[in-house]
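Chain IDs A, B, C and D follow the sequence of writing; residue 1 opens each chain.
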Amino acid sequence: MDFSNSERSNDYLAQLNQFMNEKVLPVEQSVLAANRALNPTGNWQEWRTLDEVEQLKKDAKAQGLWNLFLPDAQLGQGLTCSEYAPLAEATGKVIFAPEIFNCNAPDTGNMEVLYHFGSDAQKQQWLKPLLAGDIRSVFCMTEPEVASSDATNMEATIAADGDELVINGRKWWSTGLGHPNAKVAIVMGLSKPDAAKHERHSMALVPLDAPGVSIKRMLTAYGEYDAPYGHGEVTFTNVRVPTENLIWDLGKGFAIAQGRLGPGRIHHCMRAIGAAERALAMAIQRGLSRQAFGKPIIQLGGNTERIAQARIQIDQARLLTLNAAWKIDNFGVKNAMTEISAIKVAVPNMLQDVVDMAIQMHGGAGVSDDTPLASFTAMARILRIADGPDEVHRHMVSRLEIAKHLKGKAS
Amino acid sequence: MDFSNSERSNDYLAQLNQFMNEKVLPVEQSVLAANRALNPTGNWQEWRTLDEVEQLKKDAKAQGLWNLFLPDAQLGQGLTCSEYAPLAEATGKVIFAPEIFNCNAPDTGNMEVLYHFGSDAQKQQWLKPLLAGDIRSVFCMTEPEVASSDATNMEATIAADGDELVINGRKWWSTGLGHPNAKVAIVMGLSKPDAAKHERHSMALVPLDAPGVSIKRMLTAYGEYDAPYGHGEVTFTNVRVPTENLIWDLGKGFAIAQGRLGPGRIHHCMRAIGAAERALAMAIQRGLSRQAFGKPIIQLGGNTERIAQARIQIDQARLLTLNAAWKIDNFGVKNAMTEISAIKVAVPNMLQDVVDMAIQMHGGAGVSDDTPLASFTAMARILRIADGPDEVHRHMVSRLEIAKHLKGKAS
Amino acid sequence: MDFSNSERSNDYLAQLNQFMNEKVLPVEQSVLAANRALNPTGNWQEWRTLDEVEQLKKDAKAQGLWNLFLPDAQLGQGLTCSEYAPLAEATGKVIFAPEIFNCNAPDTGNMEVLYHFGSDAQKQQWLKPLLAGDIRSVFCMTEPEVASSDATNMEATIAADGDELVINGRKWWSTGLGHPNAKVAIVMGLSKPDAAKHERHSMALVPLDAPGVSIKRMLTAYGEYDAPYGHGEVTFTNVRVPTENLIWDLGKGFAIAQGRLGPGRIHHCMRAIGAAERALAMAIQRGLSRQAFGKPIIQLGGNTERIAQARIQIDQARLLTLNAAWKIDNFGVKNAMTEISAIKVAVPNMLQDVVDMAIQMHGGAGVSDDTPLASFTAMARILRIADGPDEVHRHMVSRLEIAKHLKGKAS
Amino acid sequence: MDFSNSERSNDYLAQLNQFMNEKVLPVEQSVLAANRALNPTGNWQEWRTLDEVEQLKKDAKAQGLWNLFLPDAQLGQGLTCSEYAPLAEATGKVIFAPEIFNCNAPDTGNMEVLYHFGSDAQKQQWLKPLLAGDIRSVFCMTEPEVASSDATNMEATIAADGDELVINGRKWWSTGLGHPNAKVAIVMGLSKPDAAKHERHSMALVPLDAPGVSIKRMLTAYGEYDAPYGHGEVTFTNVRVPTENLIWDLGKGFAIAQGRLGPGRIHHCMRAIGAAERALAMAIQRGLSRQAFGKPIIQLGGNTERIAQARIQIDQARLLTLNAAWKIDNFGVKNAMTEISAIKVAVPNMLQDVVDMAIQMHGGAGVSDDTPLASFTAMARILRIADGPDEVHRHMVSRLEIAKHLKGKAS
């Protein structure tokens, strides 16, 4: 048993923390303000990137703090999932930081899909510029008209028609769809309605400038458009792409999704843990700096108990996530299903609790744009829905747990 | 013991519900969208009222659904606090509805202050147009530089200088400050630093166009500016107003605040209960209308238990609030301190829980502007801070509870 | 709206509180110790009543503090359910106090059944001595072999055979079965297996000395036998009683149960609220009397917040229960189904929380027999199971709540 | 990073699980019943050991499943704290199992004290027979008259008088004091009232047959005497023992306690995790075996969500504890203070939650002696008080957390 991080990971972590402290945290508020000012009505057509952020990306790339998430040693830095985990945590302290290191969702997941399941041509065309950070991508799964918690409800279609695929449907919560550099979407849709439940859907690459792709609007999440990324609603009307744009094969959508989601959840959760650490630190600093009733407010009532509780919850969440990462590394995603669903439930709920406490310690400042805490609240709340709501993941955990007893296994 | 509402209150309630159902709910989304589009960067100078809302106000006024909160039978409708409570609940279902009936914060509280403590001249100049709905007002208490949970921390000053008052200081979270019709602020500040702790502060009426009043910005609450009302930050620099603008007397700030806050908390809490009822109804309707895994989602997992829990929590919160209102009506604010602080803790936390559940039932739609749920979340979260955070009110409740035993009273 | 208690109820309450303070609380620990020492191995055959308790019963009866629960003015004191509620609360402060006033379960519920549904002969034979406190009774519903949360699972049978009823089956958790004065059981069993689901079962009066009735053992609840009452397991083997012992009619079991349970839940819940008040008062007194780290422990960490939270939870629970009682009084049990199930969930959970807090404030003393807190824990925990577990009552509340929307009613 | 158990630990675990499954679980109910029947009035003088348990001890010893907790390879099995942890978990599934492997509290802690701080003579006289399982020991720390949460409150005295120590005071919750084989107590008391706060107290070995030692009574915990071990109250009146009985030195009490408590908390917590796993497995099996409303009850309402939540909470608790054990192994107790206090809070609370859920799934059986669940409840509840209540450990965690910021360290 060894809970220590590898030397290699620790080296990256030291560099990353220095980069975060020296270059990212000092500009956090100005970047967030600039992003919010971009076009707050959700007119994504006018959104643009910030030079400040572009320069940070160049700096990070030059320093080798780039594509850290990708286990491949040539294309990424060759870190395992559990080695990358502490780095993901470090980037989670600032909402927009992951992109600086080309480690942001949904590009990371999309790159993993292309890396594992893409053809050489797909890799050349899309993976290469994504790895370079030259373009961005979108993942189109959730639909407005059905309960997406049951992914088999998905109604969009991907039909083979000669040497083309025809895509029809409406998607929303497609994160990053508003970004000026977003060039391609991985779209999931129904192809073989008569196949077994999890063999009906496919994934295809759809350039965003293909005829029939129509971005309808950007959605707000707790009042924020998250410019210049955005969460978009988009329709596909008889969109035709060559069959070469099919990933893996018809009916492989869920198989691809499963592979994609394992490491992706580690990343999301570790970033959420980073956000929680940030919120806890802010709570303490605020609690020490303000006085009420003759004492620093951190000393009042149950505040110290809540600080302790936050520390305990964060540490539990981190260990659960690291253990899941280690299981993925050593036994594969299929043997870590309980762990992956467990963190999907536990970590965002933990973040929601910790941020709520931190906001309470800040008073009004906590819900305003003067701190990143309101954004962390939105992040936590959305993570409890996105990529399977709490309820679906609890169901998965219980199903596997109960199955142990149905098979007659002892506990 | 009689838990039924008075006939008079029930009559108003029936009218109010009809008005809400026929006139307000149908335009809810369009009004909210129009308000958000006003100027989402927080440039309050460009905010304006909506004709649609102005017309609704006229209709309500014509129908006598106006100033329902004011116990005075001439100036208001002569309803007691507990008679008004169910009406406040009904208006809470739509964020902007209270204003339509001239029952919105902070104007209600400010009108009560003027009604109970204002001079005839003050009433003529300010109460009259407020009751008519012709102008709006602001309450300036919270300050950015100190922990406002301890109101005695307040650093703004109101100094008597000859026949003038001189006001200096910085305030924030002054709700409604951005509204084009906001004309006057009730400002609280330190006047007698050497007096007893709760006899040091005063309240004064300050016209917003007085020289030295400078609105700095509008704050966001969870990303929303709440146009055309806004939550403002404002400085007062050597602002001079005639001594006639002093309310009651120097050093009476806390005495006035106490009288103001009792009924105000009933109003806030009842509106929050209305919002919770709305969220619960929306959760059920959504849960019945969407299918997953072969069932309406409301039938899945713990959803029905959560529906029940919401019903139980809401009913408990309402009863606690009605009981507090009844105590205020029959024994006065001073004899209802436990009850008033108890609802201030219990109700917003209840709303936060219920809305969280409703959002989870809605998935992504729940956090977007497509539903009012995200706004209800913000409302709940801010109510846990505004007007004394949870912790301060729990402290008050415990202090009174422990005092029973210190005096040797039996429990 | 009027939250005050009636004068009549207040008069009884004053007398009852005086009786409790002067006569019951002083002997609480000695009576509990004597009961525990009776025969702690569960050999109920050797259990006996305590002279001390018998004398208290005589005193209470002489003073008219007797059968307070019964709405009949001749047989009881003619108090409504909501008038009796505060009295039930007062008796809940001491585990064995309700019996002193002949207001203990299950006798109260059994007397109500006989009062409402019993024949004249049944009333003469059983109700009269029960009202006099001369005998005690048992209610046999729960069965060990099935999930009793679904009462239709019940497997015991009550079969009509000529002018006799034949009873077969096994029951457990029959409270009071071990008491030397327990003379009769109301037994519920299946009579008409082919009737509609809730018209299959009957209730019959079975003398405990009838041939074929065999008490198997007393069960412990958290290690306690609750001598001299006990929670028994009992078998009925071809027990024959005359048809006159049938209550109301064959197939009326659920109809009777529903009528029985409404007021019974008010009683249980109000007693639980009394226990919670006691626990809160004890927590405060302990917290004030012990020092740690230089302060009374009540001033440490989150203790005052927990005191406040307990006060708020208790007050909410009481109001919810009084409202349910008022609904029963004014609209009948059938129109108070949500309220009755709501309190069944909310109140025992509240008691469990409050007692947990009080124990924590007491340290080791809290879990020992030196305080009544461990017994209150057991009481709370069992109430969450007995007479329908939390889950069944949440289901009832949600079913009624969802039904409002299925019928197309607006919220 | 490596979350796997060592081969050596896994080997022991396989043996231990087999022993538990084949020899301990089958006799669990009969042993518990026999213990309860010993003398349920708390007359510990009549308590005796069970031949059945004595034989199991011999079997375990013969098989080398003995003193597994002791890191010393000669005296124990040479397992590190983190290697022993999974074994402690396995023994936690049955309340009385730890003793079978000579791994029960408080003997393990006392043996560790003697191992680390005892003189050769003390080891010869006391450690040797304890390691052999021939005698048992007691730890006397908690006192009835003071808030023991602040250990510096301790009022018992250990005074040096020539070549003797004189011990005076009253202790309670001395676990195991009623056991017929209990021969010696480690007593903690005040020696140097004027020294620094944590250098005032000493620990001494006091034979239980020394003149002046008087056992007053056994305490119940939730109605249970825990025969034949017991939780005793004992007075020391001018008890004189030779100075050789002093452990380490005068004033070293807290230094010894700190060393003792680190591994001891790992043991306690891992046993609690074993109990939680047992409760979870029982809940599932019960939930699968009972039907209500046409389904296995595990499929009703929120039951599957609660099963999932239990799995998640248990896994988080285990990882937190294993991480703490690993920190102790690799960095020492002093560098694992946050972790050790964190598990002390998190694990018993987790057990309390999981057992509460399991009881609810069992209905009445869950609170009776028919299952071990009521005992697990008592175990969890007491662990939240014993050895520092939740509040004290949360305070420790928050103090260390806040200190990071006071020193100016970044988070």
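Quick note on the criterion: contacts are C-beta pairs under 8 Å (C-beta built on N, C-alpha and C of every residue); 3 or more make two chains touch, one makes a residue touch a chain.
Note that the structure is predicted; figures quoted are calculated from it, not measured.
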Greatest separation from subunit A - chain, by CA centre: C
Where subunit B and subunit C are represented by their mean Cα positions, the distance between them in whole Å: 42
Whole-Å separation of chain centres (CA-atom averages), subunit A against subunit B: 37
Residue numbers of subunit D (touch at least two other chains): 301-302, 304-305, 391, 394-395
Chain-level touch network, classified as line, ring, star, complete or other: complete
Footprint of subunit C on subunit A - complex, ascending: 301-302, 304-306
In the complex with subunit A, residue positions of subunit D that touch it: 1-6, 21, 82-83, 277-278, 280-281, 284-285, 288, 298, 304-305, 307-309, 311-312, 315-317, 319-320, 322-323, 326-327, 338-339, 341-342, 345-346, 391, 393-399, 401-402, 404-406, 410-411
Complex contact set, residues of subunit A against subunit B: 37, 40-41, 142, 144, 146-150, 153, 172-173, 219-224, 231, 290-293, 297, 300-303, 356, 359-360, 363-370, 374, 377-378, 381-382, 384-386, 389-391, 394-395
